[in-house]
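Paired with subunit B in one complex and with subunit C in the other, subunit A is shared by the two complexes that follow.
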Partner chain A sequence: MQASIIDELSALFDEALHIEVPSPDTDLIDSGLLDSLQLVQLLLQIEERMGARIPLDEVELDDLRSVSRLAGLIAQWS
Partner chain B sequence: MRGLLQDLVAGQARKRAEATALVYRDVRLSYGELESQSNRSARRLRQAGVRPGDRVCFLAPKSPLPLVWMLGILKAGAIHVPLDPASPAARLQKIIDACEPRLVLTEDEPFTDGDSDAPLEATRAPEDPAHILFTSGSTGVPKGVVITHANVMAFVEWGLAHFGPGEADRVSGYTPLHFDLSTYDIFGAYAAGAELHLVPPETALLPHRLARFIRDAGLTQWFSVPSLLNYLAKADALAQDDFPQLRRVLWCGEVLPTPALIYWMQRVPHARFTNLYGPTETTIASSYYDVPACPDSPAAHIPIGRACAGEELLVVDGELCIGGAGLSPGYWRDPAKTAAAFVPHPQRPDERIYRTGDLGRRRPDGLFELIGRADSQIKSRGYRIELGEIEAALGTLPGVRESAVVAIPTEGFEQWLICCAYVPLPGAALGPASLRAALARLVPGYMLPARWEEHAALPRNANGKIDRPRLRQEFQTCKQASLTS
Partner chain C sequence: MVVTRLRIRELTAADVAPVAALHARAYPQHHWPSEAARAAYIRELLLHNPWRDPELPSWVAEEGPRLVGFFGVLPRRMRFRERSVRVAVGCQLMVDPEHRRSFAALELMRRFFAGPQDLSAADGANDASRQCWEACGGLASPLHTLHWVRLLRPARGLLHLAGGRTLNLLAAPLAALADACLRFGTHLGSGLREEPLDAAGLAEAIERHRSAFVLRPDYDAAGFDWLLAQARAKRRHGELHGALLRRPSGHAAGWFLYYLNGGVSKVLSLGGGRAELPALFDALCGHARSRGAAALEGRLEPHLAPALKGKRCLLQNRGIATLLHARDPALLVPFLRGDALFTRLEGEWWTRFNGEPAPREAPPAAAAVRSRPASPARSPGYSGY
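Here is the complex of A and B:
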């Protein structure tokens, strides 16, 4: 379950945001790959493509740190 | 208030050594500590060979340390050049090559407590440069804007008179140090003897977290680019009558969308809202508009107002020009660019004005209004971006035969969407993600295009030039298609 979400999310980063993420555990925030503009686009794309509506006011920064953490968040909100 | 910027801190340290100057996460620095640490730093820089007029770069994320350096560099009589730690090494190298610093300070710079903390003798005059800020250049090489002590002092002085900040104020330090709005956060706070609260960078990623920061710190002044205000408004992060201690909301750098302004003015009715305008070349801001009441229509146009004391706004052939006390002496070691942008005043030829490249007009009531841009510079999230700099960087990538970068307006908080149409060399397999990753090694993140389109050939107009209006239209159409699908 989680593994397929990770694959789908990695494809989303590549195809929709055009961001190359080296690994599911790469720190998206410290590496500077994700800024507020990309974060908003990411959440929109997750909602459109994966049907999970993640409320910005319910998440903590650490939930967004990596593709694998995000996958956990998506599992929780879809 | 003539004098040098570092004297503002020395003055507060004499009067109120125990008062808090800086807050960052769990670190607090008093005016007394800031003064003695920066005196030590100045002595160390002198020992390291730094002489008056030398440039000293610093590369560190926002924290008390670079703020101590900044003062230390000034006290040593040198010119500080803040480098953006998020910028790719290749771009930083261009800046370092251009300004030829005596030293580049980084975070692991050892700091000895043994040095004397007695102040050094002042060697500089208010007309001497205090810092050089590098902004996007259309040919791919960043331009260094030289700013003097007197330039900054003029705006700080106007801010003291206009806003009346005092010792009880807690002001935001949101803007990164390589960006000129931070100059007002820092020296505006020091001049007033206020507390400067540096905003941890990751705080701004989540709107509700940023709102909590403003609330918990009890900020009395917020100053940022409009995109942050817009971000909080879009996420509906404010409660009714939120931030009870907030008295002033200032923004500068681009247009704040009126719906976001209405949201803020309704939620924080006790604050004063001021639109500031002015490019780096004329120091922080040159004009202001205190929004008198919450606009009644989301379509209302917010003017940039009138000139701050000591500044002059004028429209020459449709272009907004600025004269007065904030005017930079020019670009660092670039007389040609300086002569093109800083021209004689039309009525008083012995004075200079700066051509902003912004199109504007003066309304019958005397207030100035922005209309648009005369060139291909855009403002995205407050960053000044020359589309030509992005194209120049793309041109150096192997596998790219040709590219064109255009921007289309959006409803989102970033204001502009940067789009890139490119033609790969025959045989080169170039996907947008790998191109974007290669470009990210040359230009900062805020310059990276969000849309990419591979073409067999770029469209041309009758003169053989790349047909940019057509590309803009194509990107606009595919944006609408993706929104309705």
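Here is the complex of A and C:
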């Protein structure tokens, strides 16, 4: 389940944000891949394509720092 | 791997100079006479405003020793029915251009929303701010995003709306001739008597029409005087004009405040009783036209919408949003229903964080805004639309 979400997320990064993420555990902030606005746009895309709404007012931003952590949240909120 | 940690903390007096430097990096296009003037303004607005509240501070983001983000907060007071409401107006959300690869903007906004205010608001927000605000649980007020425009001298007004200084210079004489031949807006009189607008007059008008506004500002004299002085010091849109208007019977019908220039004059606040608003709108148009304005524009505040019926207004969506957030949804309903009095004066629109295009005077201490007599058309102090 988680693996398929990771695949879908990686494709979404590539297609929607034109960001190539080296690995699911890459820190998206420390590696300089993502900023606040891109994160918001990513969450909108996740909601639209994957049907999972992740409310930013209810999660820790640290839980959004990598594709694998994002996948865990999507599994939780979808 | 070293995990980058942002630290979000309250703004202190010692942060003003670094915040001013950050502002200069984030907004290099804004003109300030000096960095000291920019810092002084930030200090005055955010640390010395009359509504300052230690529980509603402005916020800074630090990465190590470096200040990389800022979110200004202006506390305001309103009343919801008879209950006092704490409002926090967010302004100047900015992140160092060299440190944008972080979640600083979201961290600042989340910290802001976590405050004890009943209502959070921002106006003048761009699309990026709106998206972040909505992702954090806020909403953009749909009607406030629209702006109405009333042409007072249609040829000149359209010329200014079309923009372009060269076009304006070349076509202005022809437009003036066309306007002289046209009689647009047959009657802009209202039968209302004008008085200078001061805190007591505004309080009287708001109190008289309190049933029209379940959510309304709660001004005291000192706060309103300070606000008017600040608004008057903003010169980029022209000279501030305003009036309290009374019926022949003597009761306060309402008020208006606007920036007059030879092009598209901008309305800061227009309010009063529901039944009075069409006449107040006419009075405002007559006031501006007699002083040389080519057009008037204002935000489509929901309380104004019924009064604009038949007033020959154009509507524009310029992508400038008014943003709201409240834990109690009941506080948001008046914004949709039209019984919230939340004009540009209650938000951040009157601030001067964008700098000023030309040297200006310090805010005068006098409180009332005089309703000056009509004069021939003055040269435009307005530089674009």
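Convention: the second predicted complex is superposed on the first by the 78 of 78 C-alpha atoms of A that agree within 3 Å, B and C clash if a C-alpha of one lies under 4 Å from a C-alpha of the other, contacts with A are read in each partner's own complex, and residues count from 1 in each chain.
Going forward, a contact is a pair of C-beta atoms (placed from the backbone, for glycine too) under 8 Å apart; a residue touches a chain by one contact, two chains touch by 3 or more.
Quick caveat: nothing in here was measured; it's all calculated off a predicted structure.
In the superposition on chain A, A:Leu61 makes contact with both subunit B and subunit C. Using the contact criterion defined above for the overlaid structures, shared-chain residue A:Met50 touches neither subunit B nor subunit C, since it reaches no partner. Contacts of A:Asp35 after superposition on the shared chain: both subunit B and subunit C are touched. Of the two partner chains placed by superposition, only subunit B is touched by A:His18; subunit C is not. In the superposition on chain A, subunit A positions 29, 32, 34-37, 39-41, 56-57, 61, 64 are in contact with subunit B in one complex as well as with subunit C in the other. In the complex of the two chains, the subunit C residues touching subunit A come out as 1-4, 95, 100-107, 110, 113, 128, 131-132, 135-137. Subunit A meets subunit B in the complex at residues 13-15, 18-20, 29, 32, 34-37, 39-41, 56-57, 59-61, 64. Of all the residues in subunit B, the ones that touch subunit A in their complex are 86, 202, 204-209, 231, 235, 237, 381, 412-414, 431-437, 445-446, 450, 452.
Subunit A contributes residues 27, 29-30, 32-37, 39-41, 43-44, 55-57, 61, 64 to its touches with subunit C in the complex.
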